[in-house]
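Scrolling down, you'll hit the structures one after another.
In what comes next, chain A is part of two complexes: it sits with chain B in the first one and with chain C in the second one.
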Partner chain A sequence: MAAIELAGIEKRFGESHAVRGVDLAIASGEFVVILGPSGCGKSTLLRMIAGLEAVSAGTVSLDGVPMNGVEPGRRGCAMVFQNYALYPHMTVAENIGYGLRVAGVPKREREARVRSTAAMLDIETLLDRRPAALSGGQRQRVAMGRAMIRNPRVFLFDEPLSNLDAILRQQMRGEIKRLHRELRTTSVFVTHDQVEAMGMADRLVVMNAGRVEQVGPPADVFRRPASRFVAGFIGAPRMNLIDAAVTAEGTLAVGGWRPCDGLRFRAAAGRAVHLGVRPDALAPMPPAGGGPVFTADLVEDLGTEIHVHARGEGIDLILQRHADAPPIDTSFAVAIPPRAVHLFDAETGLRIEPDAAETLRQGAPAWDARRHSSI
Partner chain B sequence: MTAIAEIFAPTGLALPRLRSAALPWAYLAPALLITLVWIYLPLIEAAKLSFYQWNMLPTSPQRFVGWDNYRNLLTLPDMSRAALNTVLYIVGLLPLSVLIPLAVAILTQDMTGRARGIYRSLIFVPMIVAPVVAAILWRWLLNDTHGLVNAGLEVLGFGPVGFLQDPDIALWTLVWITGWKLIGFSTLLLSAANATIAPSYIEAARMDGASRWQVIRDIRLPLLSPTILLLTMMTALFGAQWSFIYVNVLTGGGPLKSTTNVFFLMWDYGFKTLSAGWSAAAGILTFVTLAAVALLMLRLMKRLAVYDE
Partner chain C sequence: MTNRPRQLPVHAMMIVLSVLALFPVYWMIVTALKPETEIFSTALWPKAPSLENFGYVLEAIPMLRILWNTALMASATAAAQVLTGLLAAYALVRWPFPGVKLAQAVIGLSWLVPFQVTMIPNYVLATELGLRDTIAGLVIPNAAAAFAVIVFYNAMRSFPKEVIEAARMDGAGASRILWQIVAPNMRPALAALTVLAFISAWNEYFWPLLLTRHIENAVVQIGLEMFMSQEGNQWGPMMAAATLASLPILALYLVLHRQIIDSFMRSGLK
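Up next is the complex of A and B:
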């Protein structure tokens, strides 16, 4: 039985359709991250799980019990808000203990539990302060404590780290994961930051425009993006997407250029597609054959890696190279390793897998579904 | 070279610095001047007058009487009656200027569209009616023989009530009229303050399991406390003063001095019996008392009010 089950969830705000049919099952103890651009409906979805927002259609179930219409306080969910929403007129101890107070827990027990929760989060010395006298990281911890103290079935996080500076964010990321490892509470974490998402998720849910684009372990989502949106959204620098067409033989054509001739795709001849290649998979080579010639337009040296923005014959590409790679020639062609190819239908945006049997028969390098998608 | 620069630098700098220091004062000057002319000079004048006997005629002499005015005032039954009534006015006004508006602001917070527009006009109309017009309106409504209110009471089986004639009731009638004018203003202030409470506090409390009432008690009221205390302080300081016009127009302090208060008393002494010294002494007494109340309440506000960041 899933800890959280969303079935056909929709949300309309008057004219605007914020969430458009989401089905998702989250297992007990799982740490799920919902990733998507700003405005795609992540917070709305989370708030519907919490009960702060009513669903327009569909069912939210927790531990198999439908929760539609159940008050937020009775769902057994705890939430950490983006701005923390600590009660400004209460001390840290009162903030953390408020949930117990309204639940009628006797004062003595309440104080003991506040103290032990604070100890877990290393904020025992702050208990008498008001939120105004705390730093961002400390507020974050208090908000965590307030969420933890009632031993909720589910933790809901709405971009809780986005108000912190980079160093603190990284540190809190680790702490939240460690807490999850200890408590094993089912968690749903919303973010628009892909590094945060990739680093924290057991399972990643990528959302776009109110819909779920892909669900899976972060590595799978990265290696086999299910749609052009996911391909372009995950990975930095962004995946190169080149307009191409499928030929009658099932190969790819970019104008007169036939990159990765060995690959075969089963798609209608002339079908418009996007050929995706991650910047680190592109290898520059001396211009030869019929391929387009690129010139480096802009070179960014980031210390650990070098990004080369190149353009040639109407195609813009980004190449990612090792910092110690030899300097790139002013004009060059590129080779696209077949294993690095991601293909997406231009119309539907959905992924098209290469035809394994055909590819093999054409004598392309040994092809293996898992390795194929490993770049 | 540097030595010369050092010698000359200060004078070179002094002028702009002087100018920039003077500039704020120049902007403030009109306001300060008006405050001085209309507040502080009269106050000093009143303080001086309170030690003199004078009948307000410019030609007649002012006679120094020391503390006599104060001594007489404090032994006069008039003054203690007025002082007690002033307290009654303030206490009576508090529910109308704070409690009811608070309840209205919180109960109507989720109202939208047409209902909101109607409720707002209903509650704000009294605020924009001119006080004298309001007074006359209420005199008609409350007339003991032809008034609408008494007609209504009669239908319900009650005898006519002398709203402005019965010494036990007249003060509360004036309190009601004064408060009726204030409800809109207070509701406006409290609604605005209520609307600025971040929704995420309420949501956090709901996640914590707080009921509707607990959210109001534990989140809204504390966050509204600066506005509540401000309104309480304003009522305590100005409430009786606000009722002056209705006392003057509707009852003239009667019947049997039951509706008089210190502000009406001052005016009565000053402009009816022309005893400027008594009036001034009453004014100074009121000023000192209210100043003490104001200081106390400011202290209290600092201690009790919680402010959102």
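Up next is the complex of A and C:
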């Protein structure tokens, strides 16, 4: 178990700038998930922690000891690769025990440790097989065993579940978390799958284009996304993002529409912003007043929930409704509960918080978005 | 199975080709078995087959000694080419440096340099080093081969990088990774290259001709030459010696033929 500290980490591959200044401290025993779209530099960051890739700038430290220039095998990190990367010519037992063999552990002890590791992963019956004779899920377990056997200080996972089918993926997700509860080894888990990320992380690191966008517990990242990118990336269906402007009074204007009039923002008048609302926070209501009228043009019934894709006056929206909610009219207006509003600067993409004092003075209702959505 | 009628012409063609390929070998053996009187007969089997040609060969030249020399020379050459090829290819794949493409091109081009160009400098060097009339002198100029580097380079490039990285995470160093992880997965390429290098060394003629002074230090191709003369060739003994010279190659092929076919099939499918 070790604390990891990344300070000013950069990585360039010739012209391309894969990682652009990452500072991150991971506490000992923590399970951190790095989430981001494909190509954003997650693997590169992980490989720099492992030592498989040299940093272009910055320092990687484990327990306060700088690791730059230390060989991967001497950092005490173990890695599980996306395509498992088992040694094709070795049996499962030899695969799992190879690290111990390199370390010069005597054969007898090695065999005992291989057996007990295999027992933890339920693969004792496979020890004499070669990787080619294993299923994807079994290979995954062998790869886990190979990582576990040396009691590493840090586990690094690079999208280890993405080659598995949905059921197996869910099962392995549970198993990895169970192992983490038992072993308490500091873990860094890279994925592009937000469900995986939200479900597994103690702390979530959202990356985009080589930078960290936001760090925090998954629930916080979901409830208060720090940037438009995070808002759009996390949550399914995606958060609705509507082009809007801040008025002279600090309210929001979408064309002639003044949604959530009670909210006040301290931003320059005319400032272009994106108004974000999660699909489950939008409530349809009969068309009345000045708001735009939306027409549902696609209704997806997913069994547990219904997604309504609607458009009106150039705005596309998705509404998420409970499966047992009354059917929606073909034409409707929407109410945006003030508590459900996320506002982002159109230029910087950063979150703008409502001006709490000003909002209160205007007597905006303290509307609970979650309660509201379940109407 | 389902289109048996269409396979018939294919099989007929393969049989014809096989006969064409095998006939010279058959003729060599038959000629070796012919007594002097029958040597120019075109009968498919001698009237009075005998082993007298083989006896003559063993008396006229130290044939067993020569076969031993050749086996030693060919094994050492093949081993050296495999070793240097593995090391060079591994370095090129794992530590690509600026200009690695150029280095590869140069290695590839060296394959095209004809023997006649390097023959004289090699001869002078071998003489200076006192390697004339030695097995080492025959092996060292052929210890590294561009062909071997290229074959291993291609085989290693398609070897998954993550597996090497997994071994690095397991603490293995560069040479351990080569011998314990990479090389064991190169079996088809290793087998094919060993055989090709061995056979080509076995068939070497000019370089041994230049270097050899005494018949006890000769290799088989030089031995065969002993039965050619201005007054005419001794066909019977020559074919007997050629038969003896082919046996080890045949044995090698029988031992490794599965890997060889495997490897050729794979490179053909790429």
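Just so we're on the same page, the second predicted complex is superposed on the first by the 363 of 375 C-alpha atoms of A that agree within 3 Å, B and C clash if a C-alpha of one lies under 4 Å from a C-alpha of the other, contacts with A are read in each partner's own complex, and residues count from 1 in each chain.
Everything below uses one rule, namely that a contact is a pair of C-beta atoms (placed from the backbone, for glycine too) under 8 Å apart; a residue touches a chain by one contact, two chains touch by 3 or more.
Because the structure is predicted, anything quoted here is derived from the model rather than measured.
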Evaluate whether chain B and chain C can sit on chain A together after superposition, giving fit or clash.
clash
Should A:72 be classified as contacting the first partner (chain B), the second (chain C), both, or neither?
both
In the overlaid three-chain picture, which partner chain does A:132 touch, first (chain B) or second (chain C), both, or neither?
first
Considering only the touch criterion stated at the top, classify A:218 as touching first (chain B), second (chain C), both, or neither.
neither
Check the residue A:291 against both partner chains and state whether it touches chain B (first), chain C (second), both, or neither.
neither
So in the superposed three-chain picture, is A:52 touching just chain B, just chain C, both, or none of them (first/second/both/neither)?
both
Mind working out whether A:103 is in touch with chain B, chain C, both or neither, as first, second, both or neither?
both
For A:88 in the superposed arrangement: first (chain B), second (chain C), both or neither?
both
Residue overlap on chain A between the chain B contact set and the chain C contact set?
50, 52, 71-74, 77-79, 81, 83, 85-89, 98-99, 102-103, 146, 150
Residue ranges of chain A in contact with chain C within the complex:
50, 52, 71-74, 77-79, 81-83, 85-89, 98-99, 102-103, 146, 150
Residues of chain B defined as touching chain A within the complex:
198, 200-201, 203-211, 214, 218-219, 222-223, 225, 306-309
Per the touch rule, the chain A residues reaching chain B in their complex are 50, 52, 71-74, 77-79, 81, 83, 85-89, 98-99, 102-103, 131-132, 146, 150
Within the complex, which stretch of chain C touches chain A?
160, 162-163, 165-173, 176, 181, 184-185
